[in-house]
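The structures come next, written out as structure tokens.
First chain A sits with chain B, and in the next complex the same chain sits with chain C.
And now, the complex of A and B:
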């Protein structure tokens, strides 16, 4: 303290410090310890963003023989006229919605099952949660070779046994295959949150409803569901934030194909940056993807913020 | 405030001084020299990493540090390093596609002076097509670690049972007939396994050899895209139909990994792919299959040979400060001496194939590869990356076009091809969309107007 006051008050200063100034200085002194952290945050999040924005204004292909040159917004115009990019946006929206919806439905059913008392519930719960902790690439490889594959896979074998013939899952239903695989992984996540929600539901209310003559379905529909609403919202928000950038399943199962049927925004940016090495165009795609992600997530974030404000508003 | 700024600049300059000092000392004064090497994670390179103690014994003042990366991560990592001249690596492993392009950009060192003066390395012993592949304008820019071509793997027992004989060099028409005859849905054996998954190094590699031997080409002499030209179109249609009618099911997801698995587990009667998989196929074949696996040259149509040509080379980035030491390392790793060492220490099936004539004269190697060694050598020697097809072309490369734009072109086209293989779109739609995209790319990069 004494050190800093000596150095910050050179002898030349004639006026004594006003109260307001001193207060301000004090505020900054209190904030000072936070500054390094703030600088780190800016350095690792905002600086790359600014650099990406800068690169997006150049024609810059690492492997091309021509030098880097400024092209203004040409990369952005290229993005809106690129049918594959537009397809990737549609794919991202479609797949994210279906995956999140699927995960919530499966997660709810699992949570309802696990909410009841039965023997071996601990084991069943562990098993149901496990998919979420399997590494995405490992899970995708397992589904590719062990389940979807018509020759070696369980699904191919079981549809044949049912007389439906062997289905070429990845070729014929590429988007559905990705949705099934990712929804399976995220259903455990939904289960975790929703089960916690169900277990926080007061037992007295269930008992009171039973005394009033409400059946199981009515209790669930009228009491449990409204109680679970914030939990559903939270699940939907967190799951969509991660599923938006789904990569492992796509890269491993379909490589974005066939004919870009399963290419989402993150995979397309990856292709442009690390396969075509067109860094300028990839940066523009990245910026647009970010804008879309923010536009999608912000309204959801607002809804979910309500939970924290009112402290469980339902 | 003044003092804060002072303090800040002081810290900054101290940090800079420390950083630059440290950098300086490791780059210029460290003794012994440490070489950082970027490698692809494949079995032959793992063997090399395990045997590096022998090199360090021979050159006690050189230490080697390996950075092993999966093939698809190696490319971006190495490219970023050399393109931005960050100088992280002293030796990089790059493919035949990169060598001429990077040499042209001045990213990698011309090795011809080293190669000419290093007689022990015996430059003349290198297989000629492979040496051409890692050269640019007649000058060597990488030492070939291994080379490969493509050929057909087939099941001798299934052929005998159906009363068929595989010629030494079959035509594609014959292969299609055999596939139709041997395709058996009830036993789960596909007529043929071919790559279907998108990626310019995946389904486009075998397809491009089919295009070549059908007399088609990617570009004419004026760089006009030729994908929708009759012969190219016929080749693409043939490939897609063969795969759809008698290929493995769900082919649009399969690369060489999946085909290797299907073939070695007895679920495909034929497989057309890289010669380097001959060893793994025999090693991984299900019980009873090993003695029933035969090999034949790449199928042809209008040309005499149609196998592809690939090599993994070791190059020295211009930014490396240890050029001399780096040459010693890449010469040792590709020397006849190393091949003998790898054979005796790690087993003769672990030897990097397809780089030197002398490898194919070692009795132990000949014995270990009796089923496919000669055919591999013949396939490599028959491939001509300078004249890959019937008509003249302005580019080099057999299963790729050696221009920087090919990755972009290849990614798009291979996606459309997978679309056609999975019947999401028709072959004509796939060709039209690709042709249009290639026209755009070639205009954008200034090849055509």
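And now, the complex of A and C:
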């Protein structure tokens, strides 16, 4: 279905115009509806990156008395020789990977269970997707006091009841606590998308496969899994997009500690800028985080954009 | 016969496991709601209490401190930013699908790629610009940043809904000679109303729950996540009170999410699922 005919339709203008001018006007007429959104996104989310890049070349600390001065790439040298920053990179990668993988595994298992007919299926699905809607700060705050707490929390108590002793989750396993909490919320999201993917699988294909004598497992592996592939990719992409910037859970549960064990890049930039007030160094950290995010997510984005491009009009 | 019985038992087992999984997912939320009805002493009893004398004390006390002013800011930041997002995203989606600009694919790719970039990398300039404009610690600054934060996803979602309008509709309109605004407001918008609603809902959820920008750009005039964060310093003292606040402020989002499950998934898969 092509709309190319539209571009050649004559515009309604009073005065006669040259062909070139008319074409030009027409092109801008098509672009006009797009411009407000494009300008807002560029001004608020892209321009700051350029300014950050500029700041990152300066020695600029708000608590020091010396004025801002140009230092070239010194902040970047400071970044790559800062063990905490390197740790933050490793933490970001490790936590993001575990959270997204955990969410996809749990989401898939739940979706497989819910992609069947049984009584109360709608209720079970509704309960299982609810964590996704819960405010991350609220979830983290309550998990800390009501679940992870060794004395009064539900999890602390159950490990004691099972004879494993009172585990102080947040201080003994800080990273695992963050992963559990965040993966819990994103499992719901994975379930939402993967279940939709399973339900979009045509029933006739399953029936035809059954008539041909293919077992359930074979049908699943050969037909359902390939069908689900774009949905897995989409889940991984959208989840990593948000989990890479996981901030609420870290700020609330562990404040990045102990000893930076749970500090990710977003949290480290925040500490450097708003606790240490070293704006130049924080900017350099920000630019490096940006580069890492682009390197990690862009290839995934290309894959997903290719799949969901179908259905385009032009 | 025997294998049929085995199959039935297997199915029942999977059903039980599925229920257990769903209940396990919901358990923390159920525990939170339950805790909100406990007295503070009951909330920090060991072992944790399943049965207790319920009290509405904490819900009564929610409005004692500044909760209301934070709630108003949350409503303003969420409502206004979402409204602006929809107003900007509908024409943009139109220009990317109904009458596409040249290189619309690249533009679409650009929009979604901005979502991949960590906002932390831009927070210092955003803070300084907001400071020089006197916008720090206000709902206005949050409205601006939430609008740009949600725009790319909204454009993608709305475009996927517009894609499903049959071409014949537009052909008929063009014969009638309707202008751009009439075509958009009288034809396109009514046809994608459910899609717009689910897009607005998702943007609303992200704005309502947003924490990083709120905590960096605002302090006293801020939204509910920042209000909630202040309880952190009290430790176990107010577990039940925290549970009550958390329960109350999650009700709108969870209720909306429950009601819109289906259209939400459709939007999130960018129209790949009908």
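Here is the rule we use: the second predicted complex is superposed on the first by the 267 of 314 C-alpha atoms of A that agree within 3 Å, B and C clash if a C-alpha of one lies under 4 Å from a C-alpha of the other, contacts with A are read in each partner's own complex, and residues count from 1 in each chain.
The rule we apply is simple: a contact is a pair of C-beta atoms (placed from the backbone, for glycine too) under 8 Å apart; a residue touches a chain by one contact, two chains touch by 3 or more.
Bear in mind that the values here come from a model prediction, so they are computed numbers and not experimental data.
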| item | value |
| --- | --- |
| Which superposed partner A:218 touches (first chain B, second chain C, both, neither) | neither |
| Chain B versus chain C as contact partner of A:197, first or second or both or neither | second |
| Chain B versus chain C as contact partner of A:174, first or second or both or neither | first |
| Chain B versus chain C as contact partner of A:124, first or second or both or neither | second |
| Partner chain(s) touched by A:63 [first = chain B, second = chain C, both, neither] | first |
| Partner, of chain C and chain B, that touches more residues belonging to chain A | C |
| Partner chain in contact with A:230 - chain B first, chain C second, else both or neither | second |
| Contacts of A:274 with chain B and chain C, given as first, second, both or neither | both |
| Chain B versus chain C as contact partner of A:30, first or second or both or neither | second |
| Partner chain(s) touched by A:90 [first = chain B, second = chain C, both, neither] | neither |
| Overlap of the chain B and chain C footprints on chain A, listed as residue numbers | 7, 145, 149, 151-152, 274 |
| Residues of chain A that touch chain C when the two form their complex | 1, 3, 6-7, 9, 27, 29-34, 36-38, 40-41, 43-49, 51-52, 55, 106, 109-110, 113-114, 116, 118, 120, 124-139, 141-143, 145-147, 149, 151-154, 157, 161, 184, 187-188, 192-193, 195-197, 199-200, 230-231, 234, 238, 241, 244-245, 247-248, 251-252, 265-266, 269-270, 273-274, 279, 282-283, 286-287, 289-290, 293-294, 297-298, 301, 305, 308-309, 311-314 |
| Chain B - residues contacting chain A, complex | 1-3, 75-76, 79-80, 83, 101, 104-105, 188, 196-200, 202, 248-253, 258, 261-262, 265, 267, 404-405, 407-408, 411-412, 414-416, 418-425, 430, 445-446 |
| In the complex, chain C residues that touch chain A | 11, 14-15, 17-19, 21-23, 25-26, 28-29, 31-32, 35, 43-48, 88-89, 91-92, 94-102, 104-105, 107-109, 111-127, 129, 144-145, 147-149, 151-152, 155, 160, 163, 167, 174, 180, 184, 205, 208-209, 211-212, 215-216, 224-225, 228-229, 231-232, 235-236, 239, 242-243, 245-246, 249-250, 253-254, 256-258, 261, 264-266, 268-274 |
| Chain A residues touching chain B - in the complex, by the definition given at the top | 7-8, 10, 61-66, 84, 144-145, 148-152, 156, 166, 168-172, 174, 253-261, 263, 271, 274-278 |
